[in-house]
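The two complexes that follow have chain A in common; it is paired with chain B in the first and with chain C in the second.
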Partner chain A sequence: MLISLTLKGRALGAEGPGEGIVLALSLALNGLVLGSILLLFSLGLTLIYGVGRIVNFAHGALFSAGALAGAWIASSGHSFWIALVAAPLLIGAVGLVLDWAVLARIRDRPMVDSLLLTFGLALLITGVLYQMGGRNLTMLQPPQGLRGTLTLGTLSLPTYRIFVSALAVAAVAALLFFLKNSNWGLRIRAANDDPEMGACLGIDRESLMHSVVALGAALAALAGVAAAPIFTAYATVGDKILILAFMTVILGGLGSLRGAVVAAYVVGMIIVFGEGYLGGQVALMLLFGMMMAMLIRWPRGFFGEGRTE
Partner chain B sequence: MPLVVRRPVRPLHILGWVSVLVGALLPFALGSQPFVLQLASQAIVAATLALSLDLLTGNTGLLSFGHAGWYGLGGYIAGLGAKFVAPEMFLVLPLTMIVVAVVAWLTGLILVRQIGKTFAILTLALSQIFYSLIFVASAWTGGEDGLQGIPVPTLAGLSIAAPTAWYWLLYFVLIASLLLALYLRRTPLGQAWLAVKSNPERSLFVGIPVVRLKLIAYVLSATLAALAGGLFTLFNGAVSPDTMSWLESGNILMYVVLGGVGTLIGPVIGGAAFTFAAQYISSLTDAWLIYFGGLFVVIVIFAPDGLFGLASVFWRRLFGPSRGQVAR
Partner chain C sequence: MRDALRLKDVSAYYGRAQILHGVSLEVGAGEVVCLLGLNGMGKTTTLRTIMGLVERIEGQISLNGTPLAGPTHRRSRLGVTLVPEDRKVFPTLTVEENMMVAAKPGASGSDLTRERILALFPRLEERLGQKGGTLSGGEQQMLVMARAMLSNPKYLLLDEPTEGLSPTYVEAIRDGILAARACGIGVLLVEQSLPLARSVGDSFLVIENGEIRFHVAQSTVEGDPGTLERMLTIEEGV
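And now, the complex of A and B:
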């Protein structure tokens, strides 16, 4: 359960004067990186929940699938950029098929069934990945131009991490822009706020849900393949991030988009700072304790707009 | 829905007691196959574990995705107690149950107030916290390698080492807790639980203390899971962090869903049957997880009441309409 994002930050802190500040700044930067990846990943989770009222336990498996697909595409001789585009498209298609073939069967069932079903799907996808060789760690090298380290005074960060953060932020901004300004986004937001009323207004929930699950899967896969040079790729790499994403969506409030945006960075910071000063396992426990406290005081998340039904 | 006291048909009773007896006599039939006896003991632990989850999910409708956390926690506490204090079951197991009950009560105070989805997510996260705890305390728990070298335990001073003795001990615990669970079903507490499960809001309005009842179920369920974990650790002589993984939690859920949520007997059968099936299928193929996940999906879609639900449909067709209905 260790997100080894901060190992470099710790090493960096040991040099030069004012090392306490350098360590803290370096941790903050890494927190932003982790937060961005987490945001990209949990936005799909939030959308699928918002429109379909499904807490997708298979989201972590889709992350792993994306990471592995990207690593395999790259290792079969294609460039990193092709992997970065092809893997999300591929997994997005998988998501579309899963929603059409599996999730559509339980649309009107009680909530319990959707939890169990996606849990089963997570096991199934993990099993398939194992079978395809996902037991072994696969490396994905970042492209040539992004392999260096960017140094600013005593502070430094691998260039690739900056790229990942920028990519994640750009993708999330584009998504939010579309949600705000397109016809499709309008329907999503309507269904998110009130699925029944949305259906009354003539929104086709089936096709909308297909698009949302496909998009959510593609975003998870994009997060997976973009993070693969940092976390490496294997069949259960998504398990770690899934737990963090769950914490994110609960802190932000289930179904709340802007809540997820803030919560992703909060979780990223807590994890990275916790790891830097206290050790990885303690960080997770700290985060969980904080979340329990949040639930007592603000059970609907940061903006008070989380679902309670 | 009026509170109907379930009155099972007579033949079922007889069938039940006959199968209890058959289970108890199993070691005599398996005398020459120690491996199968070992597997049967594991199946009994799985059945106890499934029953413990059904105490929570079947009674109150709360779905736990981190039940293996309690199982593993119980295993570690019992293992540490046996290794560093004394390997006496009458000392270690009650201690384990008390510690876990307190932990479950403290976390439950917050958790059971949550609605279904948040509860499911939080239980998963909590089990991951227990998992982390093992690594934080790896000086005692052995971290990744697991806790090893647990001495052969004693029961009131008698050393329990023979596989048949273990089988009967585990079997006794299973039957005792099953009878207790079935008894609870008939008490006002059990009836109130079912009311909470079918409609929490209405239960609250008629004056049922919903949160307290959920908390009782949560603590009971965690404690029984910890007992199962403790027993299995002492039986096995070792415990690894894998017992707490979310795959293990998925296994336990699978037992319950396969058997039929809320039927109490169904999950017990599901747990036992599943353990045997898992053993034989995984000896045939290494793509076990695909079949497991696929079966999970198929059952949720096509038989949400589990095998017990399917069986009761056939039973009703065969023996006419029964007066009670299988609660779900």
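And now, the complex of A and C:
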């Protein structure tokens, strides 16, 4: 099921002398790309859980919405770059409205309420996307300058995939810098650690959550648009990435930002190398096994700082 | 009417269970009121009720004449801050960040400056760059006290701040309470250690089954130091 999401490492630069090394390097690049997309996507999921204690099942639908919005904006005659900026802004605004209108109504209710509600929201958004034409695969062409390959010795690397990795790393670095160095970021990190204590010190969790859900939705959409030239865009493309993202969040520890950063690349590498050497199903089994082991033995994730409810 | 944090006939509920039954109390500016009682009698719930952390609240709570209602962050911004029983430092924030996140606009006018607070708790100055979660229990308690004092509160709610601490840390917390009082901050202190309560308290309340049972003035305790022990023994015997 998930194999269509991975990046077909065997197909990339695996010919000629030193084939094993070339394959490994190609897979590493693909793992980096998938990990970067997962990271963009998972950071929003992590922040939404951390500050609002909401496990957002609608996050995958926001990825799909971002991918389709980007593809539709580009197909209406605008450039890829406008699509890359406009779709996250649009979906970020959708996230803001969703939090204000829906998620805020169940704040501090048992987690099962948020699970069911966001699952319903995911179905609703997917339904809307279907109605708008998202049933069909829509291609988003990368700009001309990013379509070729970069050749390093015997290794040919697709330029667009390198761009996606660089974009994701830059976006995540900017976000982490902002979280570390702004008052807003300080309040987010405090509320992420302990929302109740944050409120006791005057942090307004409601307005903070509006901004976090908007930001999370925008990041999911950015990941969706950036990935659209690789995965294509359709109404359920985000469902598959959502499963990998939940694994990321669990491995990194619920609510742990640095855990999510490391786990995103671990999941990306396991999926891509697993598919390259062992086959896609084995890679998934390996990942599920690892997730179960973590849940049983280290439920707080890689750095031991995630939450257990 | 003097400035005070007032609870008038306050009841609080968790679900259907009523925990507080018509509690009335008053903490004046620059006054330390100790709330004493056995475990499970409603001390922590009283503090959480003032902060709006209880599901259902009835009765009136006011702060210097202004009704204290609405969400917790709004109550905090009006000037009341909780130091909870289980410390609750922000573990992934550094000591410096834990203090910065609490500092409010207007706090610069307070006598409790960052320098003064670090002088009260010098161990924190040595650990400004260290993550809150890596501090010892005593250091964490100092940090949450410092954080609360930096939030420019009019009233501090302290829930067993010396529980499980060594004498050195207890002394530091005591100094912190006295410094807050000297700056005109009212303190509602829940405390199991009667020697500490006697050394800082201006008046004493004994709570039993969610009701204030005794109200004792400092002068009574000074004249008869065993008063509080006897009241708590009576409560235990009921």
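Just a few scattered comments:
The rule is simple: the second predicted complex is superposed on the first by the 299 of 309 C-alpha atoms of A that agree within 3 Å, B and C clash if a C-alpha of one lies under 4 Å from a C-alpha of the other, contacts with A are read in each partner's own complex, and residues count from 1 in each chain.
FYI, a residue touches a chain if its C-beta (ideal position, glycine included) is under 8 Å from a C-beta of that chain, and two chains touch if they have at least 3 such contacts.
Just so it is clear, the structure is predicted and the values come from calculations on it, not from any experiment.
Put simply, more of the residues of chain A are touched by B, taking chain B and chain C as the two choices. Once the two complexes are laid over each other on the shared chain, residue contacts for A:205 go to chain C alone; chain B is not touched.
Looking at the shared chain after the overlay, A:246 reaches chain B, while chain C stays out of its contact range. When the shared chain is aligned, chain C comes close enough to touch A:189, but chain B does not. Within the complex formed with chain A, the residues of chain C that make contact are 51, 53, 71-74, 76-77, 81-82, 84, 88, 90-93, 97-98, 100-102, 104, 133, 147-148, 151. Chain A meets chain C in the complex at residues 186-187, 189-190, 192-194, 196-206, 305. In the complex of the two chains, the chain B residues touching chain A come out as 61, 63, 65, 107, 110, 113-118, 120-122, 124-126, 128-129, 131-133, 135-136, 246-247, 250, 253, 257, 261, 287-297, 300-301, 304. Listing the residues of chain A that touch chain B in their complex gives 1, 49, 55, 57, 102, 105-106, 109, 111-113, 115-117, 119-128, 130-131, 239, 243, 246-247, 249-250, 254, 279, 281-282, 284-285, 288, 291-292, 295-296, 299, 308-309.
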